[in-house]
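A single structure is presented below for examination.
Order of writing sets the chain letters: A, B, C and D. Residues in each chain are counted from 1.
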Amino acid sequence: MMEIVGNIIIGIGLVFMAFGVLGLYKFKDFYLRLLVLAKIDTVGAITFMVGIIIRHGFSFFSLKVFLIMVLFLILNPLTAHIIARTAYLSIEGITQDQDDGRGGR
Amino acid sequence: MIYVLLIFWITSAILAIQARKLIRIIVYLAIFSTISAVCFFMFGAPDVAMAEVAVSSFSTVFMIVCFEKYFTLVTDVSPDAPKDLKFRYKLSKILPPVVFTLILAGLFIYFIPEGTVNTYLKDLYLERFRFDVGGENAVTSIYLGFRVYDTLFEALMLLISVVGVAHMSCRSEHEISGENFSGVTKSDSVDVYTIRIICPAMLIFGMYLVLNGHVSAGGGFQGGIAIASFFICRYLIYNVYDVRYGKIMSFEKMTFAAIALLASLFIFLGFYVQFPQIRTAYLISMNMLIAMKVSFGFIIIFYRYIAFERR
Amino acid sequence: MQVPVFWILLAFMFLYLIRAIQGPTIWDRLLAMSLISVKVIVLIIAIASFYNRGYLLDYALLYSLFGFISVIFIAFFILDRTRGKK
Amino acid sequence: MNYEIVEIFAIALFFISLFGLITSKGVIKGIVSMIIMEIAVVMFFLSLGFQTGILPPIGAELGDNVADPLPQALMITAIIIGVAVTAINMTMLIALSRQFKTTEWDILKKKNME
């Protein structure tokens, strides 16, 4: 029974990733495409990992996958933030002195 | 399934080779080493994949500093530096290289010996590695036990290349000054805050890889690089990290001497046979020494690059 | 059940690679690179669970750390390079 | 002349990067092609004796379809030496660009003549 539930959740995760790929090709602006990395892929990967944890039940394997999920939850949005901030600074052409760390104009 | 991955692998390589702008080369090379790491993983070699991933982040950092130096020294200064590196593919110019490469490939394929790869040595190692060397990881037990000669000369090779980099890079007189050298991130921004959280995790994970190398995937080399990457993050967070190269260089030479001594003491003098219960102690200590050597070597190269080249 | 998962993930990686090739700005290529590194982590966890080998997961953990470092350095290099130069 | 299709990919990439090395106008493209060549060589060694669904030679129970640990042990050292050599290449590139103010082969030849 846990097998089926896990498979379903993995399927849902893959569907999220498919939406991400669809979004990547439909959005015309760069910042919209960045949304795919920040939100959709993070959610897709995490549902995928939850599905794997459910498939493997309560074991050392799923503890490791949980640790990876937590680290991934911290790192992925941060990567998206760094790319967004640097892209914003370079596309808008904000020079060094105007950059007060908040990226605001 | 592996063939599709290899097709990606070759396309990303061709991308990296023919990239016109210089900035794209770094991104394409990062993608290429990612996909090659996955290919190694699919070939049943997680240790090599780990080494490839760790090394690709280092070569990306070296290439970034090198390109910055190239931009400031060449493209911004001299007029005759071309904007893009596109090789003008005129037929007359392209024919000799293509013909030469095809001839070489044909010769190579023609002279490949017949017959399949015989697995005598592989079966020998797979059966014997637990009794002779101890430890669960066949790869670690090979490069620490059966073929420890290669590891010795590889450590010597790394030492020579570190000394070469240290002496060939420019000798700017003043050491690192006190200002915000990395200049990468403001100290209160969110990414610096998170890097402060991630860095200890990286160090602990590097230690885990080293100490656990003879049982699960990992080992001296990958753990050493993971530990060295902690110092990269440390460079991002703190303003300045005044590394005393002399001390680390001499310490690395001492580590190499310790590796040579330990290997010769245990394997060549036959302690391995007389005291079988010290085997895991030998494996762990050898892994730790190699990890120290590799991490010191990469720290020196990294700080040699960042501190002296970036000016 | 597991094999189609690998094929789907490889298809996604291929589509990201195409996006990296035709992406207009350099930032799209950087985005495609970090997307591929996300897919790599998920693919490795799928393989580890398919072969039921626990130690393969260390690799995914290590990979997410190192992918993060290289994205940081590349992003700040491109920023220094293209800042203010239209 | 029978070998796995997987090895053909590695050999093909080796010669593609060799072509890239030959036709590289600047020193930088040469270094990039050399990095790719090193990874192609490593891939060729690892692809010997490959079957689908091969397992790494780690862990207590080793099945029958297990990868060969010997080339892996050699390839780990090969990758690390590859990075050390790349670091030396780039140091030389910086010294070159500092002295000659360019990294194009043909311009360097002219400058080297006089």
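As a working rule, a contact is a pair of C-beta atoms (placed from the backbone, for glycine too) under 8 Å apart; a residue touches a chain by one contact, two chains touch by 3 or more.
The structure displayed is predicted, hence computed values, not measured ones.
Of the two chain pairs examined here, A-C and C-D, it is A-C that is joined by more C-beta pairs in contact. Once the centre of each chain is set as its mean CA position, chain A and chain D turn out to be 32 Å apart. Chain B and chain D have centres, each the mean of its CA atoms, that are 12 Å apart. One simple way to say how far apart two chains are is to compare their mean CA positions; for chain C and chain D this gives 21 Å. Residue positions of chain D touching 2 or more other chains: 55-56, 58-59.
Looking at chain C, one finds that residues 30, 54-56, 58, 61, 65, 67-68, 72, 76, 78, 82 touch two or more other chains. Residues of chain B found to touch two or more other chains are 1, 46, 67, 191, 198, 201, 216-217, 222.
By the definition given earlier, chain contacts exist for A-B, A-C, B-C, B-D, C-D. Remark: chain C residues 3, 6-7, 10, 13-14, 17, 20-21, 26, 29-30, 32-33, 36-37, 40, 43-44, 47, 54-56, 58-59, 61-63, 65-70, 72-74, 76-78, 80-82 touch chain B in the complex. Touching chain D in their complex are the following residues of chain C: 51, 53, 55-56. Those residues of chain B that touch chain C in the shared complex are 1, 4-5, 8, 11-12, 15, 21, 23-24, 26-28, 30-31, 34-35, 37-38, 41-42, 46, 49-50, 53-54, 56-57, 60-61, 64, 67-68, 71, 184-185, 191, 195, 198, 201-202, 205, 208-209, 216-218, 222, 226, 229, 232-233, 236.
In the complex of the two chains, the chain D residues touching chain B come out as 1-3, 5-6, 9, 11-13, 15-20, 22-26, 28-29, 32-33, 35-36, 39-40, 42-43, 46-50, 52, 54-60, 62, 66-70, 72-77, 79-88, 90-95, 97-98, 101-104, 107.
Per the touch definition, chain D reaches chain C in the complex via residues 53, 55-56, 58-59.
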